[in-house]
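Here subunit A shows up in two complexes: once beside subunit B, once beside subunit C.
Right after this comes the complex of A and B.
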């Protein structure tokens, strides 16, 4: 796999935003390892440093991780998809209904759910590319539409439960040492990575993100490419819905509420420009990990446990981390401007 | 030289300016007298923009002195420069697109203050008067967004007139103007000169400097290499000063024998694009020039041919085969290539490395199966960097880091990489310095000699006449005349204006 989208040389690698983010992640992890790990009265190792906790982090980051992967190509084209969280909810409900009320087997219901996810993404794609409506408005609309549909199907009350153990295995057990869903997450991550960094399609997504008119003049099929990223986004949201349902063992209309914002945060934290063109899947994965470690780690800090403030703290610190990372990413630019000004003055 | 300093309005001595490691100006001497038009010539990157920025106070020099009417100037700021009567008409009009012409003029000319009340009637009257003085034919109530680029430029000039400036800098003001608008601009410049204003006039068009300017100063590589009265220097001498070597500009190529008909266009129309009933053909190895005024429909014709605004009537044949083009992708498949007019927005993607820019239209050929491969991409980049002698740090350098002429070559390389049968060039040398212009002309001739059919759209009449084997003139969206390549410029201009010659 060779690609010219990556700059080579150790200096470039060191200066890359992803390297900075990796360093932040390592520091963050070591911090929680140090302050969040204790031995209880019976002398058992508990808290952040346990292997169980690490698997737990992985397990919990799969759904938001998938949505962040779905959003990376979208944001590369300078678009946005706010509907992924709602589509996750709708797909979870559809899956539950197809299986329990429709009497379908789990694999058939799952396959139909994936198709439904792609169709949901297709609705976004159609509105954006055929009617040329702005992605922000379109997906703000489908954000409400998909959630509303999920609530209408369940009358806001029905919860689908009692899924067979063979299905729950996907969300709650381990396979070959790793949480089972990780085996679904990894190939999706690899596929999105290849799409973005290894294919001509990925290259054209960047071109569209930088300049949609420039891409059109270069003869690139702009509408088809843009449609693809939204359909893909919907499809991946459906994958996330299956994993979500398997992890919690239930499908409710409020599944995945607010996930779109976590996912966007992870993508932006990962260094993908909201204006399109620039960004990487590696960055997105690091962004997801940084947020997941923060969230899980905070819950193991004694002081946070005493204050019972894990949720609040993680919200505040995620925001702070995002702002800090963005400031850090433009720091070289600020420094060079200052230097130029000093030389000029 | 007491005499000279007493009439000198502005004197610059030994101006130096570095941007980091780039030495933009390395000692420039320049003086402007009251009531003269002083042309500033130089290739792109010679330091003209930096010099303008120093005169308008946007940048401060690292070394050197500025003297205004005998008084040394210390640190200059844009506000101070304005209050001293220095004004600039920039190449790209910097107006508020959503406001009306009168509002834009008011914002420039009226005193500030957050609570100042606007006297709308006075503002409208002033705007109308200024527009009339610059010969604008649009109302001051128009929103700037609705105006064409030349019209916006007239608004800029109106602002400068209204400010009553002592020193007016004009940065390529005629680049996008039609002939008639140019004449009007010349009149304005002459009337400024008549009232004792000093005009610094920047242009790439030598013929216009000849008719307009009193003196000319040439900048090369950040140094002023010579100042002389316009009458005392010939065009070849000026070109030689600018580029440091002799360049032939208007030499016609020996007429090669064209091959079979490559592109045949019959009764092509596109209502939405404003193209009506166009018929012409181009043979292999032939350069077909397309002359006409700005807005005559030449770019629109190119966009229709390339599928950006697909045709709704007419026939198109490439090498005798009927084809339908509904998208740029289909145009490329049919063997058409289009180097667009606006290279910064359409020709190259500025943020992308130049290697990626060059391969953008050949993904399917270069990357079988859709997988990116660095090897073929870099070899395409290396080939064209060499063939077109593109000056660039490396294939990874972003398009934005290149000068205008080199960006144009990258745009050209992208389309040559498609190995086209028909090449459409839209203003290929607009805003390109003289040296690069000569190179691009040689490249176009070479491509035609290799058997390509070239459709050349250019508002630079000497360029069209020098390059074309045959030429067509467009007016009102249709082809009104078909002329031989060695036509007289007056004939072409008369056809473009719709007058009998």
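Right after this comes the complex of A and C.
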């Protein structure tokens, strides 16, 4: 590690994980821009390079992106929240039910849905901080509980549709140039960034992740801070639920199935340590972008479409990207170990 | 970091070299989307579709969600629009959900056909309809009449007494009974709530209440194995015959044991075959709205009613052929 002391600031920035990830993202983007933009056999200019596709990528990243933002502070405290995808589903159903069966207006139903999301997160927070149960077990439980509730409310069969156009605008249209939901996503991203990097609370989250006992001895209100991140996680899952419902125009009990794993992948790809204590919101955003570009880009490659396997390929390559990035991130460490060993020998 | 960059480069070059592999193509490009890729029902559709594609010399892309997922169906349609295929054929998971994507495809001149499950009528040219209500009703009743020798008592097990499609079938059966089989008597129609257990207990009750019962007909798929189990347990195999709608795999056992005489559904392979034939005919402007028939290779001619291409009579699975089907 002594070598780093001699390196200039620039070199430090270049060696940072986020920079590596940004480089991967740029290479990815250029690759798909080159190979995924074509004039197709009908003579239409299509693919990755079209503005429509770029906006689509942003549109499709908002829900997973929100969940990844919600999970970043959680994982920083060495916790985990497996229930976000299920909570998204439950909130979507609640929203649909409040609006259609409850006869509430869209804004009122949306506000109540956000409260419900925070309450769902609060349940996790209570079980984790009051009963001192491990987050993995607690949220594995609520993962099933929330999804089960969503299925029970709809009997697994009811789908809420026919939302008014003013609500669908949030998920399907553009406002001031950008997909509407981006205007919800960006402030949430900024708020989470500020919380994690700009406040004492954010620093304490990292301290808790490194050593909860140490943090407690240092006089930090560990329980309150931990409770905060889970409530926040639930609240953000509810925001994602509204966006999801508006984008697809339907709320169904299976909404957001598996999203928690996509979100965790993005967070980890973004360089946040799954053991807590280390990580950044910038990294998470880059992680979300890298996965979204990969997924959408693959689907613009004619060869992939003709293999009838866009979905499978994107799953495989996301996994490969994660493993590659993680290997890359520990490469400097391996190299310095090797160098040290050579010097010793 | 060099090795990792080199490795990344190697992967990029490898992927890149695949891209030019798609040389210029003159063949028609037809796509087929199932509700779910792994579903045996749709895999057998694909077998028929592949056969048609081979015979007609077109390229067939077959892709769909790995689970029944309306959102993923949209993504795949988007991919096909990107590719600029000639015809998209879809079994729609969600009528409204898929229609926006299909409308976009049509705007770019891509023709759209639905099969198995329809989308909104304005986003596709034709729907390949696997079975009309009349076709199902007449098919089942004719098979019952054949087995009963045109006379005697029979009973029906339905899904629920209010189910729309079942009620429509029953209406057609009443007409056919009055017209063609006056000596056959429908003694009861009992609901099973689409549950095999309930169908079994209803069948048992029907047999004890009607000692002269010659045949049980189930018009919902769980009802057929349910009725068969009841007949088997009552030791009335052969005395009370069982027929009904159903998937071959659920009923194979009973058919081989001689409990169930025959199971009816449509031939899914033919459905796939006809769909691809219709797609090619549409791409070549050989069929237009207003056409009354279409010729589908080895299968012969099929009727077109409005914008519905009719697969025709349901297919009867029995001891002789049921092992050929796996769904």
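Everything below uses one rule, namely that the second predicted complex is superposed on the first by the 333 of 345 C-alpha atoms of A that agree within 3 Å, B and C clash if a C-alpha of one lies under 4 Å from a C-alpha of the other, contacts with A are read in each partner's own complex, and residues count from 1 in each chain.
The working rule: a residue touches a chain if its C-beta (ideal position, glycine included) is under 8 Å from a C-beta of that chain, and two chains touch if they have at least 3 such contacts.
If you're wondering where the values come from, they're calculated on a predicted model, not measured in any experiment.
S.K.: Given the superposition on subunit A, are subunit B and subunit C in a clash or a fit?
M.R.: On the shared subunit A, the partners fit.
S.K.: In the superposed arrangement, does A:221 touch subunit B (first), subunit C (second), both or neither?
M.R.: first
S.K.: Applying the touch criterion given at the start, work out whether A:31 contacts subunit B, subunit C, both or neither, answering first, second, both or neither.
M.R.: In the superposed model, A:31 contacts subunit C only, not subunit B.
S.K.: Thinking of the overlay built on chain A, is A:40 touched by subunit B (first), by subunit C (second), by both, or by neither?
M.R.: second
S.K.: Mind working out whether A:132 is in touch with subunit B, subunit C, both or neither, as first, second, both or neither?
M.R.: In the superposed model, A:132 contacts neither subunit B nor subunit C.
S.K.: Once the shared chain is lined up, is A:213 touching subunit B (first), subunit C (second), both, or neither of them?
M.R.: After superposition on chain A, A:213 lies in contact with subunit B alone.
S.K.: Subunit B and subunit C, closest CA-CA distance after overlay, in Å?
M.R.: After superposing on chain A, subunit B and subunit C come no closer than 20 Å at C-alpha.
S.K.: Touching subunit A in the complex: which residues of subunit B?
M.R.: 18-20, 59-60, 62, 308, 327-329, 331-332, 338, 340, 345-353, 355-356, 360-361, 363-364, 367, 370-375, 377-378, 395-396, 414
S.K.: Note which residues of subunit A are touching subunit B in the complex, please.
M.R.: 1-5, 7, 197-204, 206-207, 210-211, 213-221, 277-278, 339-340, 343-344
S.K.: In the complex of these two chains, what residues of subunit A are touching subunit C?
M.R.: It is residues 20, 24, 27, 31, 35, 40-44, 46-47, 159, 161, 248-250, 254, 299-303, 305-306, 308-312, 324, 327-328, 331-332 of subunit A that touch subunit C.
S.K.: Where on subunit C is subunit A touching in the complex?
M.R.: 1, 3-4, 7-8, 12, 15-16, 18-19, 21-22, 25, 29, 61-63, 65-66, 69-72, 75-76, 78-84, 94, 96-97, 108-110
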